[in-house]
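Next, two complexes with chain A in common: one pairs it with chain B, the other with chain C.
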Partner chain A sequence: MAFGDIVLYINPFHLFMFVTMLVFTFLIAIGRTETQVEAELGTLDDKTKKVDLKEFKARRFLSIICGIATAGAMITGDLYNLTLFMSLIGILNIGIISSVKQVEVLDSVFQYGLIAMMCSLPLFGGAALILGACGTVSLLAIQSIKPTAMMIFGAILMFIGACGESGIAPFFASKAEMFRTPGSPFLLIVHLSSLFIIIRVIEVLLIICT
Partner chain B sequence: MPVVPPYVPFEYINMYLPVIYTGLIIGFFSLMAIAMEKRDIHILILTDLVGFAMILIVASVGTDLAESFILPGLVVELAEILAISEILISREMRKIQSKDMNKSLSPMDMTYDMEILTTAPNFIALVLLAFGVFLTGFTGGAVAGGGILLYIFSRKTRGLPVVEIEGISGISGLGWCMWIIGFCIFFLMPQYWLLSLFLAAGGLMLKVATKMGIIGILMREEYGKK
Partner chain C sequence: MYNLMADILINVCLAFLFGSLLLGLHRKVMARVQLRPGPPLIQYLLHSLKFFFKESSWPKTISKPFYIAITVILCAIWVTGIIVGPVLKGSLMIIFGIYAVHKIVEHNSGSSSGSPYGKLSCVRAVFSASSELLLFASVALLYLITHTMDIGAIITYQQVHGPLIYKAPLLALMFFMIIVTKAPYSPFSITTGKDIISGFETEHFGFLRGYIMLSESIMWYVLLWLFLTIFFGPISLLWIFIGMIIITIITGFISAITPMLNPNHSVMSQLSIALICAIGTIIPIMI
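So, the complex of A and B:
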């Protein structure tokens, strides 16, 4: 099957990650939110934090889109699509958490959103530098090009961008407080997408740098 | 290795590295400014500067693929700044409400009654809409959207009927579908390229125009409740 000049670039590793991500997305789609119960000091009463139906539906929708975007980032053979999926995941992560009512959590989402916005500079800039150095964004074509200094510089920039968009190690401090809100299965996709994305980005960067 | 076509002027090729340096320097200085600034709203505005530096770097490549990087980059920046400013607004509202439940959340009272706000917008919005339809495509969408925005802002900021808003969103979806269909026809049946071109141009115009109109909805949701 061929669509014009489109060349498919798939190997078993990508397929495995793609299917795993889809399975997780399905599990999250049929899941229901948790209800947090907190004991109160001084009395025997409990305080429950519930998520109302409207918020539940909005979050479920955003999580499913986030799962599909992550699955797409797993299987794509194109630097352009990978960049777009990554920035989409950044926006969706903000969206999943932004509808909460706790002020501390909103504070943390605000910080994470700022980091995600700043990191679109290295993300898109790195992708553009790689495009400028190679003349193509197809990973299949980049595989056979010997790395130049500009390509490695672009790859480093892209790695910084991916770290910021998915909020891993150096930027995790901005993200940690986000998980103290009820709504567990939908929050898990935030972790899951950042884990999967970082594996895939490292693979892509190895393709570019070798 | 890629070859720069011979008809590209020498000045353009020379501008590649300086523009990248400029972008990185602007990004660096904006980050320094963000680190020194204390108020959240100023940090948000300065963060947008980093986005402009990103567009500089992407634009330095200057091919059609780079242009297709610029568009999503711009959209991502816009979407993120809208989302984050919404978060900022709702956080500040919660802070105010936790202190005093009865306090009004509107930033300013909009009860003024000026004649120019009831007579002029109809005409200007109509002219802008007609000119936008004449232009079509991205530019036309922006012009027509400006007309819609002017109309909503000046006349119906408080309490635009829900039906109208959902209608605007619906037209936006239709425009999107037209664009996608045009795109598919372009690949599957290249002999109908004129049809697909006009579908895409009209769809893009509707899409951009209604996107500007939807900004008016945000105004209604936050400040429209009395």
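So, the complex of A and C:
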């Protein structure tokens, strides 16, 4: 094979997810942020929160990279690439939010960062176990291999890792708090990448376990 | 000669018209349970059409182009849902992806307006996605029984083995919970709760609101069609319509007699139901 074990693995489902990611990434690239209006305590006035230019540039750059990484995760047919994309998305999500200057949001992203970091062990460990059990990380090849106990164990570890990296339940408590900051397009990519990764992982787990 | 484009157009129009009438019926049932006369059945349809002719306005706090594009995306994904579902009977995974994008729309439609009510809805959308996607994973668990994610193949499977509602009642319950969640005024509809005005829809006026209402009626039709098709097998269009009416009446009753849960209770209830049903389905398959 020209690129070793790296294979493209595309069907209409992957194409739909890939195109959707590219559409959102394009919108982020051309989009502006909103002005968040909040009630002022003790008075009848409102206060507004905006994203300043320096923060905007940094977060937009990271968001676009995150969009591209998620699009890559949607079409890769290589299990190891998928785990790499997942951990990259986790790191980028932390970066996108950690540029803000709200203490409670930074606390939340710190906790998410800890979970994402810890979950990279089961994520890569699971992928390594599957590689050891199958002798390949190509999803096309794994599809034709009958599942063994070690493959299923590796898949469970991978699922735990993906849950942590994407911050879904039961880890959502820390991640939801990250969305209390302005910067709508950047929050979108954090949420979108997590949901799409989980759906892709469910598909991959079905391939491994059946 | 089969014309795919005509098939798509007919199905989209049917989904919009029948979906709107079903949502009108839902509102009527709620009203009658609460001893009110309620609006006429066609009220939702009239509302949807009305918004396309009303003046549109743009709050000065919005994030462009997301504030506008997100409603178009919502419409586009549910039209895709019609194409993948009733027209082509394609992959359930694409419908899963469409549902995920719907959650993104709830999230971004709220946050892109700059409104505090939209913002709260945006945060709630993140909470609810964690449990709603697990409920929607019931379609992935179907794979363990049917060994296919193709809706057409699932229909064929049921022709041979009988309706899946008997084989996997807990998966049907999981999917039904999604329908209950997406029903207006349901105990789980925390993103559009009246405590936050209309949540992510609060700041969308004019034709943008029209797009949202049009998409919601198509979404309702697609979800009910999916439920009936993947759990009851090959049934005629007439029975599908009757089934949709019955489910809408049931969800109307549920919405009328239950208060809306707070976000944490809503998520934990859905999560508990999802886990119990998923484990209850997987264990018999493994044994």
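Convention: the second predicted complex is superposed on the first by the 199 of 210 C-alpha atoms of A that agree within 3 Å, B and C clash if a C-alpha of one lies under 4 Å from a C-alpha of the other, contacts with A are read in each partner's own complex, and residues count from 1 in each chain.
Simple rule for what comes next: a residue touches a chain if its C-beta (ideal position, glycine included) is under 8 Å from a C-beta of that chain, and two chains touch if they have at least 3 such contacts.
The structure displayed is predicted, hence computed values, not measured ones.
Would you check which partner chain A:Phe56 touches, where first means chain B only, second means chain C only, and both and neither mean what they say?
neither
Touching A:Phe110, do we find chain B (first), chain C (second), both, or neither?
First partner only, chain B.
Identify the partner contact of A:Ile199: answer first if only chain B is touched, second if only chain C is, both if each is, neither if none is.
A:Ile199: touches chain C, not chain B.
Is A:Ser87 in contact with chain B, with chain C, with both, or with neither (first, second, both, neither)?
A:Ser87 contacts chain B only, not chain C.
Answer with first, second, both or neither: which of chain B and chain C does A:Ala128 touch in the superposed model?
first
Taking the superposition as given, does A:Ala39 touch the first partner, chain B, the second, chain C, both, or neither?
Only chain C is touched by A:Ala39; chain B is not.
Show which residues of chain B lie in contact with chain A when the two form their complex.
Going by the criterion above, the answer is residues 1-3, 16, 20, 23-24, 27, 31, 34, 40, 43-44, 47-48, 50-51, 53-54, 57-58, 60-61, 63, 65-66, 68-69, 72-73, 76-77, 79-81, 83-84, 86-88, 90-91, 94-95, 98, 187.
Mind pulling up the chain C residues that touch chain A in the complex?
Of all residues in chain C, those touching chain A are 60-67, 69, 73, 80, 90-91, 93-94, 96-98, 100-101, 103-104, 107-108, 111-116, 119, 122-123, 125-127, 129-131, 133-134, 137, 140, 143-144, 147, 149, 267, 271.
Mind pulling up the chain A residues that touch chain B in the complex?
Touching chain B from chain A are residues 3-4, 80, 83-84, 87-88, 90-91, 94-95, 98, 101, 103, 106-107, 109-110, 113-114, 116-118, 120-121, 124-125, 127-129, 131-137, 145.
What residues of chain A sit close enough to touch chain C in their complex?
Interface residues on the chain A side: 11-13, 16-17, 20, 23-24, 27, 30-39, 48, 168-169, 172, 175-177, 179-180, 182, 184-185, 187-188, 191-192, 195-196, 198-199, 202-203, 206, 210.
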